[in-house]
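Letters are used for the chains, namely A, B, C and D, taken in the order the chains are written, and counting of residues starts over at 1 for each.
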Amino acid sequence: MQHFDCDYMEGAHPLILEALVRTNMEKTVGYGVDEYCASAREKILEACGLTQDQGEVHLLIGGTQTNATVIKALLRPYEGVIAATTGHIALHEAGAIESSGHKVLTIPAVDGKLTAASIDEYIKAFRADEAWDHMVWPGMVYISQPTEYGTLYTLAELEAIAEVCRKWEIPLFVDGARLGYALASPTTDVTLKDLARLCDVFYIGGTKCGAMFGEAVVMRKGLVPHFFTIIKQQGALLAKGRMLGIQFDVLFTDDLYINIARHAVELASRLREAFRAKGYEIFAESPTNQVFVALSAEQEAHLRTITTFSEWERTADGRLVVRLATSWATLSEDVDKVIEQL
Amino acid sequence: MQHFDCDYMEGAHPLILEALVRTNMEKTVGYGVDEYCASAREKILEACGLTQDQGEVHLLIGGTQTNATVIKALLRPYEGVIAATTGHIALHEAGAIESSGHKVLTIPAVDGKLTAASIDEYIKAFRADEAWDHMVWPGMVYISQPTEYGTLYTLAELEAIAEVCRKWEIPLFVDGARLGYALASPTTDVTLKDLARLCDVFYIGGTKCGAMFGEAVVMRKGLVPHFFTIIKQQGALLAKGRMLGIQFDVLFTDDLYINIARHAVELASRLREAFRAKGYEIFAESPTNQVFVALSAEQEAHLRTITTFSEWERTADGRLVVRLATSWATLSEDVDKVIEQL
Amino acid sequence: MQHFDCDYMEGAHPLILEALVRTNMEKTVGYGVDEYCASAREKILEACGLTQDQGEVHLLIGGTQTNATVIKALLRPYEGVIAATTGHIALHEAGAIESSGHKVLTIPAVDGKLTAASIDEYIKAFRADEAWDHMVWPGMVYISQPTEYGTLYTLAELEAIAEVCRKWEIPLFVDGARLGYALASPTTDVTLKDLARLCDVFYIGGTKCGAMFGEAVVMRKGLVPHFFTIIKQQGALLAKGRMLGIQFDVLFTDDLYINIARHAVELASRLREAFRAKGYEIFAESPTNQVFVALSAEQEAHLRTITTFSEWERTADGRLVVRLATSWATLSEDVDKVIEQL
Amino acid sequence: MQHFDCDYMEGAHPLILEALVRTNMEKTVGYGVDEYCASAREKILEACGLTQDQGEVHLLIGGTQTNATVIKALLRPYEGVIAATTGHIALHEAGAIESSGHKVLTIPAVDGKLTAASIDEYIKAFRADEAWDHMVWPGMVYISQPTEYGTLYTLAELEAIAEVCRKWEIPLFVDGARLGYALASPTTDVTLKDLARLCDVFYIGGTKCGAMFGEAVVMRKGLVPHFFTIIKQQGALLAKGRMLGIQFDVLFTDDLYINIARHAVELASRLREAFRAKGYEIFAESPTNQVFVALSAEQEAHLRTITTFSEWERTADGRLVVRLATSWATLSEDVDKVIEQL
């Protein structure tokens, strides 16, 4: 039996673990103001093509936490956040955004993606509505790269969305919980520097991309005053903050972050093509580390004898859509074992 | 030029005003524990067919406030409220529900109505979802009677919805901001006693049905501990609370509440039929005090010369849907003037 | 038996009631954009010595609601509001401020008052604290005029507090739920224009000063974006908004607001001196419409045979402190009756 | 230069690190439903003397997060949490409790401790207050063991507090961020089983007691419905949940948790006595791993040449109170070096 449930089934990448072991008995101050965090921040900014005057980096622990903290920090009471109906914040964060007082304003998505046009139309319709001031003001845009269906925004799409955001003077926030797999996808034309240039704030996911935990928020310098205190208030400030610094320092040394993601994407691609070759229906054309398959009852029964996976949703005709995910830790031979038995 | 913008264009019904004038110099204690409030509560309970042991009545000021206060009082942090996509709390309360930390879980509505089946399916799908505990628990159901499109739930529909709520052990809350117009509709088979029997909590709207302001919340005895304090916390406690008591006392004397609503419903019906007769497209078949009409550009231009109204939405083909509302104060001759010029 | 429990025992001042009756059948649009509200806003701005470019006026319904709405609108998530330990928001608003996510940062008060020095020291200590960024940032100052003990800030005191606020770049908010009684006090040197000049935002209480309900918020133009929507979200937007406009329009015609407050202050003064003459201990030297008396058990028993009142607190030695309040509606002869029996 | 700033300067205890390394490449499901978490839960329940029917264990990441999550889960909107004025939630959590809508109701503490009598008096006074229903209902009690000043509740004190809580029917919550140092103190008569017996909910701090991060919440079975979803909503759910399980599994094997805490307490004791012997004023008599010293300007200057420490507060006469903390990782020789130079 194989296990392709998700990309957080193993611990940390060996190089990260090694660094944690090596530095374990050093003494540093807490809360992320140590030199490891400083080094990680510096390397991340450099990878983003940002100077210290242009960007700032904050290290948080998990994805839902990061989404809730960033969105709470950016919105005023009368504002909500635009997201795809399938966006993680709209569905699978247990109401974390609403818990901080803000509405998630959903727009129907295609393959998990919003378009610049659909955002623009939403805001235009809002502004034209006679009752707009009785409604929640669209105060920012949230998208995910890759999306919840493993799909990717192209550079042109991202630029168009960023332009709509600038036009309406609201910030663009990109959830990069699996960003490594987007950057490492052979089909993408979006670089980290593009994200840094186009977003007001985004994050580089560690938890699902090689770290034990950790998400690195990159934001325009000065975008949010006292973000440190907001992080503390959200319970998102790690006392032994250097654990985050060490992990991201390793991930951003010698391109480790991209390299390990590339491995996962290649294995996922192999898996996806094998499913397709065997006549399975690929549900969303994801060029990243996730493989979505719509299963007949027979296929479902068969697949359950081969590997574990995640249940995603039901198609209109009642078939189960499942997701298989690879990671930096997936073995090529485990992929082979699944393929052989399909 | 006539004015049919909404049903809160005038002050209070003359009998209410008279009572306010008559009692003005009396001294009572504040915050609704005076004898006028006691009397109003008693009359409302009686009209609902409830004893003091079965029900309790709380007098609040406005509709959005009442929705926010009741929903906040009923939900736990992990819970959200099911509502129609067109529900007032979902669209036109400026995020008041989210502001108190809770998600509005929307289900597509037909003519503003939810069905028992759609609610049941929603909850069944939620419970069957592998990721349910990462999602917002459906903690109550919110519907409006009449709906935001002036349509009405039949007794059979309400009973079915109440049964679904009992089955899933979640409370049913009915927004009755315009309840008078529902109760007075010739087509309805739902009485106040039915509502009291089927709902865990609902309110009897005063603001839009004859009062200067005020909404009377009727709830199962003991449903919410310390609801008084929650009302205070929401800023919904009127210092001169007797103003609410006096108004509802008058409204629930000699069936005033129903009688004045009936007047409005009859005038709206006359107006609706006149529109229809003149070839206008009636947009939602509302048997209450609201008339919705989908206008061609030409019709819109013409109607603007006759009366003011509210803009509602756009049809798929771009026509403006408008709403005209009558009230207890609408004059028959004003309706005639509109009809003559159509 | 007389009744001096509070200053909201009667209805509305007769001139207000008359205006409500006179305008009752007029039709206006809702939500406070009618001409009565416009007129009230204009008169209030003029009384405050502010042009339309300098100030804006919003009409809300009650005090707790106004405090919660204004404070929520002004603070960012990491900020709290400085208040006296005896401040209304700190004690008697059922946690309304915390309910919107913000901490009330209390400073011990003397006779209900904060001093500029105590605020300055608080903020200085906060900024000097090594752990400041783990603590709630003092984001605004809240004081009441008159205070919860009926005491008054002098102009010099207010100017000093405003200067401290400017120094630390945080807004000053004055709760004027009973502002009329402050402005009408023979001992005050603070005018409405002073308040408008020194505060970023304050409100002119109607509920306790002659209106049926209503609080007029005066703020620096543009201080809060989309305050209308925040009001709606807080459930503080009256559908029949003109009811607020009419009341404040009357109150700000021919100095009614001050004149009726002066009547109350004079009667309270007579009552206070009578208590003192009879050997009762005056608890706080309030020059406004409230009389605080610390009662021995014997005095308490006696006073209970004469009039109703509010229980306030216990002195260190266990005596009950009670409050008697006069209002625009208090009759001189009722004061006499109490005095005679003391 | 030595470093005694806090007890989270190093990484994880070597045995924990070893377990993380050993298990690193295993595949487990996420979110804490793996076997390591199950094993940790079992061991913790056993150490607490609780069966699976009596208690439940939830593994969260950090202290502020745990406090906010537990308190939010326990309180209803009208309720607040009683805490010492010096309590961590009252001062140093950036308003996390208020951020979830609840007031922290503070009672003056002596040496960081509340007494059963002071809690009882607070609640009695609240219930006797004429205006109680305009105030925040005391809905639970929060204390810390050890307190923020390293002091300890005796068993008798804890039992008395628990009895007051039972009397008023509100839960007792103990913040055990540094619980190991309390349990390992030679002066304590409170065991883990006592805490489990007397509290409704408490947590066993990992972050400051040997783990890389992690806090184990122990609560009465069924105390909070859907606590998992609330944890998710708060952003407190670790995707790679087993990291928590492994750490607590190791800590609760062979009494590691107590043993390493004992080491720290012994070193702190040595340090404390050395300060005292040299004529320094010990500020709070903490029998745990924290040493508080009130320093003259001269002493402060001298100490700064020997070691780093945390600034705590100022005494009434302006002297700086500092804190030195030991941990499982503190070397005996480092303590000696400080002592030699005092």
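What to note about this one:
The rule is simple: contacts are C-beta pairs under 8 Å (C-beta built on N, C-alpha and C of every residue); 3 or more make two chains touch, one makes a residue touch a chain.
No experiment lies behind these values; they were computed from the predicted model shown.
Chain pair with the larger contact count among A-C and A-D is A-D, by C-beta pairs in contact.
Note: the chain lying farthest from subunit A is C, by mean C-alpha position.
Spacing of subunit A relative to subunit B, judged by their CA centroids, is 42 angstrom. Taking the mean of the C-alpha atoms as each chain's centre, subunit A and subunit D sit 33 Å apart. Averaged Cα coordinates give subunit A a centre that lies 49 Å from the centre of subunit C.
Residues of subunit D found to touch two or more other chains are 77-78, 93-95, 99-101, 133-136, 229-230, 232-233.
Partner subunit B is touched in their complex by these residues of subunit D: 72-73, 76-78, 100-101, 133-137, 225-226, 228-230, 232-233.
Subunit A makes touch with subunit D in their complex at residues 3, 5-6, 8-12, 14, 17, 20-21, 23-30, 61-66, 68-69, 93-96, 99-100, 207-208, 212-213, 229-230, 232-240, 243, 329. On subunit C, the positions that touch subunit D within their shared complex are 77-78, 80, 91-95, 98-104, 130-131, 133-136, 310-311.
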